[in-house]
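First the structure, then my questions, so here it is.
First chain written, first letter: the chains are A, B, C and D, and each begins at residue 1.
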Amino acid sequence: MRGVLTLPAASEQAGVVDSIVLGLLVISILIVLLVTALIVGFSVRYRRGSPAPRGPLPSFARRDLEMSYVAGTALMALFLFIWAAVTLVSLGQPVRNAVEIHVEAKQWMWKTRHPNGAREINELHLPVGEDIRLVMTSQDVIHSFFVPAFRVKMDVLPGRFTEIRLRAIQTGDFVLRCAEYCGTLHARMTGRVVVMDPGPFARWLAAQPQADDIAKEGEALFVGFGCAGCHTPGSSVHAPDLRGIYGRPVHLSDTRVVQADEAYIRDSILQPRHDIVAGYAPIMPSFSGLVSDADLERLVAYVRSLREGSGP
Amino acid sequence: MSGDTARIERAGPEEITPGERDSYLTHETGILSWLLTEDHKRIALLYMFGVTIFFFIGGAAAVVMRLELFTPGSDVVEPDTYNRMFTLHGIVMVWFFLVPLIPNTLGNFLLPLMIGARDVAFPRINLASWYLFMTAGMLLIYAWIAGGVDTGWTFYTPYSTAFANSHVVMAALAVIIAGFSSIATGVNFIATTHMLRAPGMTWFRLPLFVWAIYGTSLVMVLATPVLAASLLLIAAEHALGLPVFDPARGGDPVLFQHIFWFYSHPAVYIMILPSFGVISEIVTCFARRRVFGYNFMVYAILWIAVVGFLVWGHHMFVAGQSLYASLVFSFLSFVIAVPSAIKVFNWSFTLYRGQITFEPPMLYALGFIGLFTIGGLTGLWVAAVPVDVHVTDTYFVVAHFHFIMVGGAVTAFYGGLTFWWPKITGRLYPMGWARFAAVLMFFGFFFTFFPMFIMGYLGMPRRYQVYPEEFHVWHVMASSGAVLLAVAYLLPMGFLGLSILRGARAGDNPWDATGLEWCTSSPPPRENFRTPPVVRERPYLYHPDAIGPGHETREPHRRQGQQS
Amino acid sequence: MSVSGTAEALHEPWRSLRRQREGTSFGTWVFLGSELMMFGGLVLIYAVNRALHPDAFTAGGRETSLIYGTVNTAVLLTSSLTMAVGSEAARAGLRRLALRTLLATIALGCTFLAVKGFEYNEDIAKGMIPGPGFPLEEPAAQIFWALYWIMTALHALHLTVGIGLVSIFTYQYWKLERLHQSPAFEGTALYWHLVDIIWIFLYPLFYLMGRS
Amino acid sequence: MSGLGENLPQTAREIWRRAVPVWAALTLLLGLTCGLAFVPLGSGNVMVALFIAVIKALLVAVFFMHLIRPDPLLRLAGAAALLWLLFMFTLTFSDILTRPRPMQPGTVTPRTFDTPAASGVRAF
């Protein structure tokens, strides 16, 4: 039996969460002690037949007392809320240059894919100390990506992306579980997260077979879906040039400026009319429902790979 | 004035005349007189019969689960069976046990008595609601026998609509019908409280139990229809393929969770608010004190009933809800801690300078305050988003809501049952056994559910049939505690049942309580009061205004009503 | 109006007929509030999906039958008129007027259901059933139509219950088994009007989208 | 004897005289909303249609359902449901309208579902 009460704190937020938990634990214990003391104390002192004086309530035990614990509870609740909310917002700040790893859940397994196309099943290798962004979606029902050692959990839904941001601070093997009930083998939908030092991680990553260079596959789809017909320089249709677009700010016709990240590219394929690039007509058809999730990832990977002066 | 004189003074002709011959139990006989009764007291007993059956069914499912979880591996049932068991446990315990538990049994029995009415506003609808409830129960049992449901009681889509090949539609239908039974009860209680109060029974003279039932009814009426809507959509999507939440067509499964929790979070308050009422009655009676801060207690009930509707999103912090919405719901969830604190501290201060005796109902009530405090405090944990992210969907949450619903509502129900049993049946039960059962329930409960907090924090997810070795010790503790708990639940059924046959006559007011229900005979006559009561007092006048109760003697308390 | 009539219409646990009527009205209102929440939940689902997929909902809305919808709205509004007159007439003891208008209410309710039947028939003929082979291209238009079927069917179910209630009470009234003082007429009328109000909102949501 | 007492109509004529104008107004509004639906107002169409629906509902509630009678209890019951609907809409939309786009439904098509039944030919 492994340690009964030990739970490693292997990510940056684990420590933060644990400190809030510690605060809550102290507050809870104090209040439980207070209530127990009141109840047991009064029960003993004012049991029937005890010689304790009764008589009218003293003046403090009136409205003032009530107001004081109403105010006390309210202030404590407010303090806890602010503590938790500030923590939450600071943990949720987007980080530049996070390594984006895709997670796909299905009944009852986890599939992960690294930026270079390396794939894993029910395993996830991570470098220690680097910012990681897990972009997750489900193929069937709702699952939930739960790594207790990281204190992270996020539902993985079909039809949309959810994400987890984290940074591992401790190497080792940590268990990954599905936390949202997903059918027969829900309890067996587990995996492991291996956090490695950067050196070994790089070696591990390089050793992975990259049989499917997904950007390459994406290129074939780019032609197959007819994207190339418009988005090639020199095309007769006036459409934005995609070379080098990834990671750059894009000016939209409604004066907004957005970062061309994966989500933006994905949206532009599925809902092209939402974000029209300034100076272009809204002529692109939606590919929503026509492109499968896997194909979409390939297309996005291809667009990512386009450098200035390269490509179509 | 000595206690004995007080006793003699109270013993008017009222107490001597009524035999049991003309009580509500005996004024009509035969099975049909029960099945077609419009008497709220008999309907309460019908409900008690119903919820007892479902308590056994839900309990049986829990037994299977605890057996399976005794060891880490899969060795008692198949995974699919396990999934069906926790679903059955959830559906039965939520909609067929906890929701009707106090409102439909004790509430149905006591609400008209406490406000001095002859019956509830719509007696026939009251009976119809019992039939709806039983029909729903039959449907659910049918669905269970036909193969069961494996969606979890939460019916989350798309699992429930596209992937569960079990009797989802039947179960959803059963829950919808049970919901309408709940709505009928709620409408009835609201109308009763508004329209049928005895002369002089103003709003701020109502016993807190009536306020609690009123708040509960409010929640029943306003939340339950939304559950019906959400499950209707699930049933339509599952059976007819009408894709409202289908992600492949742009539907939003999280939207289902929103409207599901719009009911199911307030449903927690359907379960716990009536307990607040029960505890207030018991604590005042056995501390011989006026309730501390009556007005605040009322405001707290109403506050909970209203704000309880605004916090449902804290079930969805990791569900794919936006950060902004999570912050809003987190804030509102912290807000609801305040009225709960008012309740706990006001009960504690009601004990102050009292004259406390430890009859069984009082032991249940004191246990309730302890367990509810822990349940409520862990509510703060799960309201803090970063902590909830870690503990949600784990045994921590399982422990948290069992502390509220079982440690809270069920304990309060047993407390209320032992408190009003003499009124309901006219008989006394063996106090020693009852005290033992109350203490056993507290410790059994603690051993069953407290380990779940720990293993939840260590990362044991809910609804797992198999689990890693490291959680074994906690599960063994929980399973062993469950044995104690089961004994503590079964024991009162035994001695209460026996008391009907061999219990001593209780007399009209065995606890010297002040409520209107104690003014009439035990058991009460069909029409509740032989002469309509008139109310001239606030509730809980257990001692004269400025003076607390004495050391030894029972004080000359004043009852709320006088029968002219 | 005899005193005995008053006594017969009075039921336990009420002490006066006036109080009983108030109680019935109030209880019905509380129940209607509950009903409103149920349809409100469905309208919320509609509103969210419309906010997410405005184009698909417009496209879906174009395919409903405006003629049937409008005729049915008119029928239902008229039935509300007869129902209101019927319950008032019963209260005032105008037996002939009450019986006639209540019968008219039943007839109008049945007309609504009949027209609805024709409309459903046409919808089915057009293939507007979500699933494979759905005629509209936008996937989310199927959500619109799923909601159309569920909400209109649920409304029709409510109306059927209403017709049943009015029929029973009218029959009893006609047979002199129910006195005109009975609070049932007022209660049923309130329910009927609520069913009407729900339709008043369903009409723009399902029939007026995407017409311009 | 009388029902609720206060000057309620007792004759057939009076009853009709009170009800028919309401019905006429409702029918007029029906015609109006039906006609306005064909006037292109952009997103204004929905607003106008719902606004008219609210007026119609108020007419029914106030006159047919007797909210015009001075009974605060009934008004309270009606208002409670509206307030609670407001809670439900506000808080649900506080989520829906503030999600980042990738978290909105329909961003990806789940693979194991049947391809949505679009009858259109694939555009390529």
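One rule holds for everything that comes next: a contact is a pair of C-beta atoms (placed from the backbone, for glycine too) under 8 Å apart; a residue touches a chain by one contact, two chains touch by 3 or more.
Note that the structure is predicted; figures quoted are calculated from it, not measured.
Two chain pairs are in question, C-D and B-C; the one with more C-beta pairs in contact is C-D.
Distances from each chain's CA mean to the overall CA mean are smallest for chain B. The geometric centre of chain C is 13 Å away from that of chain D, both derived from CA atoms. Taking each chain's centre as the average of its CA atoms, chain A and chain C sit 46 Å apart. One simple way to say how far apart two chains are is to compare their mean CA positions; for chain B and chain C this gives 35 Å. Spacing of chain A relative to chain D, judged by their CA centroids, is 38 angstrom.
In chain D, the residues that reach two or more other chains under the touch definition are 73, 80-81, 84, 88, 92, 96, 100, 103-106, 109-110, 113-116, 118. The residues of chain B that reach two or more other chains are 162, 194, 222, 226, 246-255, 259, 262, 320, 323, listed in rising order. Annotation for chain C: residues touching 2 or more other chains are 22, 26, 30, 33-34, 36-37, 40-41, 44, 48, 52-53, 131, 139-140, 142.
By the touch rule above, chain B contacts chain D in their complex via residues 162, 194, 218, 222, 226, 246-255, 258-259, 262, 309-310, 312-313, 316, 320-325, 328-329.
Across the complex, chain B is touched by residues 1-5, 7, 13, 16-17, 20-21, 24, 27-28, 31-32, 35-36, 38-39, 42-43, 46-57, 61, 63, 65-66, 69-70, 72-74, 76-78, 80-81, 83-85, 87-89, 91-92, 107, 140-142, 144, 146, 148-149, 151-155, 157-160, 162, 175, 177-188, 288-289 of chain A. Residues 100-113, 115-116, 118, 122-124 of chain D touch chain A in their complex.
Taken together, the chain D residues at the contact with chain C in this complex read 1, 3-5, 8-12, 15-16, 18-20, 22-23, 26-27, 30, 33-34, 37-41, 45-46, 49-50, 52-53, 56-57, 60-61, 63-66, 71, 73-74, 77-78, 80-82, 84-85, 88-89, 92-93, 96-97, 104-106, 114, 116-120.
Put simply, chain D touches chain B in their complex at residues 73, 80-81, 84, 87-88, 91-92, 94-96, 98-100, 103-106, 109-110, 113-116.
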